[in-house]
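Below are two complexes that have chain A in common, paired first with chain B and then with chain C.
Take a look at the complex of A and B:
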């Protein structure tokens, strides 16, 4: 193996880790006063890393040339697609975080550094080609995430979110490790390629248990039903920028990792795991839709919405082919844009004193007091509901088309019916915002950066997004093809 | 011959100190016996030729886990006499658990004898190269094939350390820290006064 070749392939990871270490030193000497500077530098590092991974996606890198360190890491078009989404949404988190934390005086120099390391771990997850790399990436991401959830430790809800996430996350890691050790035991290797080759003769009972346990652990990380219980509590309790980070970067990493494991390590065993994925997808869609109906808190509602969306994404995985994987990636892009727009809107909903307002009833009549904000919220909700002219519809259409083309008509039909149920609670918010009597609670002003991110993401999910769909389709097709050529 | 003697010595000591761990009345003594059991298990590992695992046992289990456990036992005020009080009441349940465990063991050994499980074959990278100890072999692998993952694991530890500090460290306003340079700069003439108070008057400082 050529070391310099491997080291060149992991240049984005090197950039991020070295940036993290240098920023840590600045934090140690500069203290919390330097947190603004560290945030700016961390965003610069993330943008730099994005620039480093972009060429692999544009040139459609795939095959043996892209595997570094004996195939433990794949730096192909698929991983760079995932990494671009992860790094950009982490950068967006860092841009909106300071104004949120400054209000409690809770902004600390370590925040951007932890986000940086979490993004590094997420990047490793989507480029893993080996069970050990998978686990190390996952734990790097998770450990940073536990701390981020509890970051405002004077707030009881934040501490609760951190503790809950930690205990359940550790349990899920244990389950995943158990599955990995069974898989290793029955295949004799930890590399995805080797596992696929070793299991090509069919799954023994033990290896099947390994697949099931690994899926359980991964479903927890994706917050897919039946391992979703932690999501509403953690999303509600964690500071809003952190929730946004979990719902975007964390979700992309978990879904990307699941695609790697299922479509590389167990690629030839699709018949064995397809029924599990179908169940998880349908259950997530239904539970996400039904659970959201009674929610009074916008962050809890967004948590159920993310469960619901994971269900739709997994419909594409059930197809287990290039078209399905491409549809999943397309959906992920739209989902990230919708979620970023949604959480930036939530961050901008502040009362006169600048305190965050999360109670849905307080949004009543927002259209008359703050028409711009109301329009943003309305667009996000319509798009999440998948109402046709908006871009959110196109993602749902693609995954369902992939399922139908793969001959899974019932799955698509049930998913489609459940998405109608889901539309109810999104439309309820639109109704509260546009048709209820104004209560005039939302008065706080936001800075230019929030507005800029909101405008960009809203333009993307508006019908204007279709102008990009041809270009995006090309990228997702390349990335999905790379996933199937990694072996 | 010496091997056999060493094996029986270590094995008997391991089993005996394990038994005393459970039986001793004082929990601190239990932990100390547990440490002895770990040491003897490490000896057994050396006999098998797995020096690395022997070192791990001593460093990780004796050095960290057992000492941590000792701290917990000594710091927490657990009344072990009370914990044991319900022995007769819970005996049937305990016996049931023991029977289930025994049945599982018998079944497991039976299944093992039947040779039903076919495990995967290692791809050859797992074999120790001839002429090197297994510590050296593991080290070579860690610093060549698994270098990247080894370094990434180091980053995880760094993240854990940052997390622990972020969540627990805070500036407290109700305590006064020691400022050593200020302390050293203070001279006797700044700190002591010679005053002559009037009778019946207090001292103004």
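Take a look at the complex of A and C:
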């Protein structure tokens, strides 16, 4: 293992770190006036990093050659897949953010840099091959995320969101760390590969506690039930672009990390943790769906929707095989597209003065005043509800197919039946937008970038997305196979 | 015609027109929608002309492997052909019936054209997942149609419609996942011939039943139907009753019966029981309705119960009869909803008591309404008779009780339909505004005359409709033969006359 090989493998991380540091210097000298320039450069850095990770996915990189720094980091097809999603959604966040912040005069030079570092941390999470690398990535992401949540300092809700996120996030990190120390104590190693080998004889009680505590910490990061309580408050309070960032990049990183830990470090102990995952998955589906019904604020609703979606993604994890992992990745792609489209729509919903409108009742009759926007919102809602032929259906289909193929019929039946509860609140939005009499609150104009991103993501979640399904299936299969060959 | 993707074309025409309608003004959207549906009708006629009766079971097949996990596989047999013909025949009439719609015409037409594409897709799909997608996707435009253009209680009706049918369908999807996992193919013809383990069949059948029973709809999960019908605009009701309900019956005949013969036999008493209950209960409910659309909606449930009775008779008469009832009901209930729509457009009420004596001021209307009323009752010479007679005859061979109770439905049907007709068309002209209503306009005549002709055609010469599906029904019957439950009617064949005597008896009429 020579250093140059390792350094080559982490080229995307290096790019982002160096770009972040340079941009920090520009920010120090240029001040907030330079924020637009910094945003553009940060997007360029993210796209550059995407270009650097893409080959690993296309060539299906896996095995020992992809492992850098003595197994600390895996630069294989799986991490490449996760990183592409993370970097692109971070870039999308930066593109839509300026218009939002400019109105408060809150667009600061630090914003793009924080997003950059958060994306870097997220990227590390999905490529971790060792408990230490995992924790560094996680904290790097979290630290930036706490600041981002509280970014609009003049807004009480934002500060509240930041504080809640920080306190609860620190608690979850503590739980995770406790689980990691137990795991280390009972396996004698921090590398995923070593843990799997050390536990091959079966889990001792201590190691089992380690798994449970680690899962609790990870569930918090994924906002899975029963560790989801922070999500609605943080999603509602945080500035909308930041919420979008949490719901996309953050979610991909957390799910990717969970897959790494469960399917690598505890790969052979699937029977021990499967029941926990099954419970978390079903509980998330049900609680996310029930919680969303009473919501009046669109961002809170999207928060519950994200809890609900994590439940569906975890159904794939319960299968604990390549097919399940591949289905999870496919779901993540569709979920990211739906969430980006959803939050871009939320950003575009503004009143005459340009203030964001988050109250669902104010969307009444949107289809008559703003048909394009209403169509976008309708597509996103039907897609999230998983109604074919929208692409959201295919994600659900794949995870449940994996569960059925793995012989978990009851999980699939209950999970699918519970998805009907979720359909109810998505339909509510469609009802408000299409059936109710117009109240004509939404009048604000949106800029071209919002529209462009909305159109692209909506085309992706429309039935046209199925034309890409063959290609995407190939990619997710490769990435999932890499995950199982990382050891 | 071999090789020409006529089925894909039939799906594409309304879809493209739907997208166009979204961007068009009201008048242009109406024309585009009418032209597109007429083009599809013409394509349907071409399809029927080219359908080779007695040829391959699956014709006009297309297969494109452009998706992962499932393929774009289309193809039809005689059963699907007839239901496709019913859909393309009703669509232009629906567009014509939407004359009264004035708000958001472009979106309305787009939704209807989308429904057409999806319905046709259901009947054409040869890949089980593709079928599911078409089957489910129909919910979206129907939800919008009921919710946007429906009457006062439309929100409740649209939710009920959507969530009921969705819950039924997702269970079916889980079953489909298991079937594909076990059989290793998504191809419907292969699955139809695949023998699933009879224990597993029970569960699979129940899952499919959950979906199709709601769509059908069977008692006691029919309650979404009256709510949706009453609130839907006229054209929405026509499509709902005319074609969407047939998807449930089609599901049974294409999926539940051939794929799970043992389970179908095992659960047949359940179906009979529910159907018997449905026939009697919903007919009695129909009898006391004061709302015309609700009355016809409940009569639909009763007719669909005759369909399920026939389907689970496990013999050729029953299956053919069910298909004929479905086709006939598609025409007749569609026509009845049109008739209601005609007077609703004039007086804006569906209350039966607000009308009366229409025969005096609307003689032509009274004539057509009478014809459709008689067809709904099942008078010989109309389409309703053929199907009901065959399916009840079929079910008699296997369960006399089911046949007995099912037949009371015909009597009760006569009661509520004649009672409706008497209150609306005969009697005194109680209300001045109802008495002042003009007779059918040319536009309305253009819609009811083709329906009336079709009803008579089907009643007088049903062979045209039975011929294309005869071979497919026979194949299904052969598939079901191994699980056929024993009948309780003890039908014995009469002694055949010697050949010479028979020839003499016919008296050289050949």
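The rule is short, and it goes like this: the second predicted complex is superposed on the first by the 487 of 487 C-alpha atoms of A that agree within 3 Å, B and C clash if a C-alpha of one lies under 4 Å from a C-alpha of the other, contacts with A are read in each partner's own complex, and residues count from 1 in each chain.
Methods note: contacts are C-beta pairs under 8 Å (C-beta built on N, C-alpha and C of every residue); 3 or more make two chains touch, one makes a residue touch a chain.
Quantities reported herein were computed from a predicted structural model and do not represent experimental measurements.
Which of the two partners, first being chain B and second being chain C, lies in contact with A:108: first, second, both, or neither?
After superposition on chain A, A:108 lies in contact with chain B alone.
Should A:198 be classified as contacting the first partner (chain B), the second (chain C), both, or neither?
The answer is first: A:198 touches chain B but not chain C.
Give one of first, second, both or neither to describe whether A:139 is in contact with chain B, with chain C, with both, or with none.
first
Applying the touch criterion given at the start, work out whether A:37 contacts chain B, chain C, both or neither, answering first, second, both or neither.
neither
In the superposed arrangement, which partner chain does A:168 touch: chain B (first), chain C (second), both, or neither?
neither
Using the touch definition from the top, list the residues of chain B that touch chain A in their complex.
Residues 117-123, 145-149, 152-153, 155-156, 158-160, 162-163, 165-167.
So in the complex, the part of chain C that touches chain A is made up of which residues?
Residues 66-69, 104, 107, 129, 132-134, 136-137, 139-140, 143-144, 147-148, 154-155, 158-159, 162-163, 166-167, 170-171, 173-174, 177-178, 181.
Looking at the complex, which residues from chain A come into contact with chain C?
Against chain C, the touching part of chain A is residues 367-368, 382, 387-389, 393-394, 397-398, 400-401, 404-405, 409, 412-413, 416-417, 419-420, 423-424, 427, 430-431, 434-435, 466-467, 469-470, 472-474.
For a test of understanding, state which residues of chain A touch chain B in their complex under the given definition.
Touching chain B from chain A are residues 6, 10, 17, 20, 24, 68-70, 72-73, 108, 110, 113-114, 117, 120-121, 124, 130, 132-133, 136-137, 139-140, 143-144, 146-147, 150-151, 153, 162, 184-189, 194, 198, 204, 206.
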